[in-house]
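Quick one: this structure, given as structure tokens, is what I'll be asking you about.
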Amino acid sequence: MATETIVWLLPLPPLLAFFLIVLFTNKSKALSHSIGVGAALLSFVGSMVVFFRALSVEHFGEGEHIFASSIPWLPTGDTFLRVGVQIDPLSAVVLFFVAWTILMIFLYSVGYHNFGQPKGDHDHPGLPPHGATVTDAHGHKHTVLSVEPMYSRFFAFLGLFAAGMYTLVISDNLLTLFVGWEIMGLCSYLLIGFWYAKPSARNAAIKAFMTTRVGDVFMLLGLAYLYSATGTLSYREIFYNQEVLHHLAETSSHVFGLSAAGLIALLLFIGTIGKSAQWPLHIWLPDAMEGPTPVSAMIHAATMVSAGVYMVIRIFPLLTADWHGHDLTTAMSVVAFIGTFTAIFAATIAVAQNDIKKVLAYSTISQLGFMISALGMGAYIAAAFHLVTHAFFKALLFLGSGSVIHGMEHGVLHTGNHHVDPQDMWNMGGLRKKMPITFWTFLIGGFALSGFPLVTAGFWSKDEILADAFAHGHWAILITLSTAALLTAFYTMRQITLTFLGEPRTKEAEHAHETPWTMTLPLAVLAVFALGYGWVGIPEHFPGLGGLLPNWFHHFVGATLLEHPEAVEFSPIPLGISLLVALGGLTLGWLVYKDVKAGQPDPLQKPLGVLYPFLQNKWYFDEFYAFFVIKPMTWISEEFSYKWMDRQLIDGILHTVAQTALWIGSSLRNYFDKPIINELLGDKLGAYWTFQPAGRALSKAQTGRVQSYLIGAVAVFLLVAAALYLFIF
Amino acid sequence: MIPLSWFLYLSAVLFSIGLYGVLARKNAIAILLGVELMLNAVNINLVAFWRMGNLALMTGQVFAIIVFAVAAAEVAVGLSLVISVYRRHNTVIADELNLMKW
Amino acid sequence: MNFWTDPIKVLYDWLMSLFGGWGMAEPLANTLVTLLGIVVLITIALVLDIFLVWIERKVVARFQGRLGPNRVGPFGIFQPFPDIIKLVIKEDITPDGADKVVFNIAPVLSAGSVIILWAVLPIASRIYGVDLNVAALYIIAAGALGTLSVIMAGWSSNNKYALLGAFRQVAAMISFEIPMVAMLLVPTILVGSMSLNAITQAQVDGVWFFWLSPLGSLIFAISAIAELGRSPFDLNEGESEIVSGYHIEYSGMKFGWFYAGELLHAFTFGGFMAIFFFGGWHGPWAEEYPLLGAFYFVLKALFGYWVIMWVKYTVPRIRIDHMLAFNWKFLTPLSFALLIVTATVHVLMRDAAFWLYVAAMFTSNLLLGWLTVEILRSYTREKREAVPSAAHH
Amino acid sequence: MIDASQVIFLLSAGLIVVSAVMVVSVRNLVHAALWLVSTLFGVAVVYAVLEASFLAVAQVVVYIGAIAIMFIFAVMLTRRDLLSKSEQTNANWVWALGLAAIVFVALAFIISGYGASLNRLPAAMPEGYDPISALGNALVSPEGFALPFEVASVLLLAALVGSVYVALNKAKE
Amino acid sequence: MQNPWIYIGLFLLIGMLIPVAPLAIAAFIAPKKPNPIKQSTYECGMETVGDSWVQFKAQYYVFALVFLVFDVETVFLFPWAVSLNALPVFVLVEGIIFILILLAGLFYTWRKGMLEWA
């Protein structure tokens, strides 16, 4: 099959799986997950074929050396809006990790939702399963995990989600990218609110949907502006066309002195702020952890949020349209600032979180900030590289945390003490012996996140960002990001220590249990990538290793841009910083938390003082929004719009109009119709003298016989025709 | 070789006879017979103009076929009405059907 | 060119030179020869008709375990001639109160409506009356005249039985005309022409349409039998109810024409079966030697005629409500479904390899037939199961 | 001097006119219907003279095969008046006759007004020209009368549904 | 032969005349001995009461109605069938829709119980 055909077909299997499951197979759990996993596998195989065919193409990405095909779709006046697919090096690497992670999610979900376990005792749709009582061969009763009641629905949603992600990755224009983007927005809403009977899940779903919508509105504005300015939304016609880019950079937008290119880039970037949970629209992501624990969290951490970064990487030529490699443009500065600030801001919050998933959520925000910051600095390759590595190790971490929670739930069911939160790290400890596979893979993921030198993927990608910041002399960014990296290593080690090391702090942790193979297999697979993927992007001049493996990633993805980016000069200083913060943070984390006992407060609480609750409460951002945004909005809609404007002003006008009409009607009736028409004309004058006799006389002509009428009609017709003939022609 | 006007005169005669039938016959079915004559008169015109005009333009014939359909529909509905009236009023004499009279 | 490869042309040329030799003008001679040709063709048809009487009587006798006519001539083959003489010299009775003119026109119209079919019949590759490009519809038009003759005969006799018979016969004829027309559309679609010569030629060049539309040929056969008013659809002459149908009041040669018309009609429809679905005159060497083709054609038509007789003398008469229900609720929807399927497969597969095209047509026909049988089976099963429970309550 | 085709035309025109007059004047409605058949057959002959083969055949199929039969059936269904010996024309028949005559005179006047332009003679059919497939193409091709084609089927559907409803709605009896 | 209809016309003429010939012969040579019994309408047993032109079952009319509609349909379908080969697939769809619309009419009649003989 032609590669283009395969690319077209990639989103199809999951989409079909969605419809199949929703329409036909939702009664059968086994059939549903077989269809779901099968569809993911089909798309995965297709993606791998596309990816490896792309590898075999010489000069892939340069000029016409890409896989692309498009068809005319919407006629817009005299042009056609074309839709199509394209795979260039960037989308190829993104496709690679998307395919892997999506397949892993599907597989993992089978185990996570307890397939094969009995039906729960009190489970009902919309709530997480509560466990089932079974009687074993000896007559003993056990409480075990029970299967998710809406198992099939979950796979349907996952399928739709995967279809959206594939659409986004393969599209060759911003419009279909937006379509995939919105499909994922919907799926994210559906999956966060999957347990819709939980109020917190409902609220989180609405919050995520509304918050990302704020970003999407601006993104749509950006799309509209771009379309009106260029007449197209295709990547190749905008981002690979120097003339268009130049023209956009030269045109002023009359807003804040930005060029058109800058304004469009910023508007689109606001979409990314929403999707990738950057400050100030980051608030939805931590709440999104209300979804089915690891899987939807993983979607929101590893896959969907990557879409935002992917989009910024896509529009990178637009963002840097009038940039000449030295001082950052306004738009770039804004992007760099937001990214950098988010990175440090989220890292500080993560330090004080106790929920195992919340820590990861904030760490995700922080790492996305790294990428955005890199893009703001113009470090294109570094951002793309970190995107890919991060996707792998963050997926690994989330799945690992899900595994931990799953193991803890097992323990909770065993003891029957439902007050113990299976997600609170303070309830854990010593799990490394109970869940060895989860421990080792989690450790790999955590080290990758921290940037443990040389062996992990995270080290190479993060190092590259720092090196870029150093090479271009962005000192403020360098310092901030280094601090953030230090904090990252610290809270990662804090998490690992609290969860796996030391002794169990609760009975539940003692009875935790390793999870089934469907969950551990994805962990192992992802761990391989978390370790190995960094090796494809080692800088060429890195001591020793650099010569061993040429910087494949740089050359491959660099071909995506019109002007291939230069690799930065190798310097030992950022390397040193990297080493220092990673190892330092890890050591610090271990030292502080290595012998925390049950019931003991966080050792950081004392030294940090008031800062600790500040961090734990996420800088009070939710409260800030509640007071400054939500409350005024509620007031305006309630008091102003509804009570005053709608009820009093508009209704008042309408009522007045209605009253006036009624009044006019009744006066006409009483003072004109009744006395003059009815009495005077009708009864007094009409009855005797005119209408009745005339009617009586004329009614004779009405024989009621159709032929008499016809004769009349023909006669009149002839007369009229004769008259017309005589007088007109 | 027959000139066009012959067909037109034939058509006019047929049309007038049909018109007389429609206007003068007592029986409702006979009235419908008159309508058929008129429709056929029209068709003769259409086909004659097709033959005398551009042979590649089939509009005349197509229109004649459409008139077939119209005639069939007219007969179907017309006769059904006659039968319906007959079943209620036991007559098909148009003169006796003067329900429309004020 | 010689007599064996193109007999009509040879005869025509000979006659033209003969008449020219007598000093006749060319157009006149031409007209005369044409008229002669028509008379000869009709005469052949009628002579064939006469022998059909004998065949019919012989075959029915065999079906019923009798000998049939065996006195006049070998195997009684000249039996029809005394019959005809008897009919001609019999007193012709016109009942009181009959509408005389209409009464007399009806039998002529009845026989004529059959005879005129022969104008378009391609008897062999170069033997035919005229190659009319609307022949398929012409057949229907001739059938319309036949229908008219039936109703005229029934009405003009001033006899309740005759009228009732005529009504039944007309109801059957017009009803079964619809599936028959639909099946005439099938060869028309396959060839893209209504000309019978073109339809035959397409089968000579390609494959008999029976292989493209087996279901179509079956439906055509059924509706043709009904159209002919033969058993099992001969309810116009249900002896026990309405005596003898619309020609009850006719006697002598007038009745003879109804009878002859029916037999010739049956034979002609056997011929149409052959033309539309069994290759017409197609056979070995038929294209080179038209007389051989004519022989094949008559043979195929006789076979069709024999099938019609076979059915007639085997299957009992169907009640009129069953018959009309069979047509409107089963045969008509089925024939239009078949028409849709045929048209679709034809259009989709016409550019494919020929064997693939034939296979697709044949298979689609079988599939439709199978589907119909399955639907009927489940329907009757439901009916069967509904009956005892209804009786139970 | 008239030629053969003109003779045929005049014969068929005579048949048409005489039959049409009989249609509107005979008392017996079945006879009227049969005279209608004769008229329509004459019209079919005119079509044949005009070399509109398809219409000639379709005329016989539709009018004689279906419409005339319908009329005869309808007459038989409403037979109380079938053989009534009373006058078959209404009181206004003189008016009707006058109007019909005026219509004919007016039409003839108009036709004669065009004078010689209507003396056009038919052109010979081009060699190899197939009016049937031309008609088919015109009727069903998207550039032709595809929409009227479909509308005709809707019209027939409406006629069928309407007449079945009107004729035999047992609920209303 | 230019117009095949000349041939058809002659054929019609002769085809109608030939059946007349034996009738004419019969009219000359067949005996004519009319009597009232012979001339009376055939009846089974009883004398006929009234004339035979009595009112008929309305059901015949319904079948004629359905037939009329389908008969006109065929007039449309024959040109369609002839030109199906030369035209794009669109025409096929068009014809199928045409047929389906008319079948809808048949099914309506069916559902209304008008096709029942009772």
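For reference, chains read A, B, C, D and E in written order, and residue numbers begin at 1 within each chain.
The rule is short, and it goes like this: a residue touches a chain if its C-beta (ideal position, glycine included) is under 8 Å from a C-beta of that chain, and two chains touch if they have at least 3 such contacts.
Treat the numbers as computed from the prediction; the structure is a model and nothing was measured.
Common neighbours of subunit B and subunit D, listed by label, are A, E.
Using the average of C-alpha coordinates as each chain's centre, A ends up farthest from subunit C. Chain centres here are C-alpha means, and the one lying farthest from subunit E is A. Separating the CA-averaged centres of subunit A and subunit B is a span of 70 Å.
The centroid of the Cα atoms in subunit D and the matching centroid in subunit E are 17 Å apart.
Averaged Cα coordinates give subunit C a centre that lies 28 Å from the centre of subunit D. Those residues of subunit B in touch with two or more other chains are numbered 19, 23-24, 65, 68-69, 72, 75-76, 79-80, 83, 94-95. Residues of subunit E found to touch two or more other chains are 4, 8, 51, 53-54, 56, 58, 60-61, 64-69, 71-72, 74-76, 78-79, 81-84, 86, 95, 102, 106. Listed for subunit C are residues 132-134, 137-138, 140, 155, 167, 170, 174, 177, 192-194, each touching two or more other chains. Pairwise, the chains that touch each other are A-B, A-D, B-D, B-E, C-D, C-E, D-E. Of all the residues in subunit B, the ones that touch subunit D in their complex are 1-10, 12-21, 23-27, 29-30, 32-34, 36-37, 40, 43-44, 47-48, 50-52, 55-59, 61-62, 64-66, 68-77, 79-84, 86-88, 90-95.
Against subunit A, in their complex, subunit B makes its touches with residues 19, 22-24, 31, 94-95, 97-102.
Remark: subunit C residues 99, 102, 132-134, 137-138, 140-141, 143-145, 147-148, 151-152, 155, 167, 170, 174, 177, 192-194 touch subunit D in the complex. Those residues of subunit E lying in contact with subunit B across their complex are 58, 61, 65, 68-69, 71-72, 75-76, 79. Note for the complex: subunit D touches subunit B at residues 3, 5-6, 9, 13, 16-17, 20-21, 23-24, 29, 32-33, 36, 39-40, 43, 46-47, 49-52, 54-55, 58-59, 62-63, 66-67, 70-71, 74-75, 77-78, 80-81, 87-93, 95-97, 99-101, 103-104, 107-108, 111-112, 114, 118-123, 125-126, 129, 131, 134-135, 137-139, 144-145, 148, 152, 155-156, 158-160, 162-164, 166-167, 169, 173.
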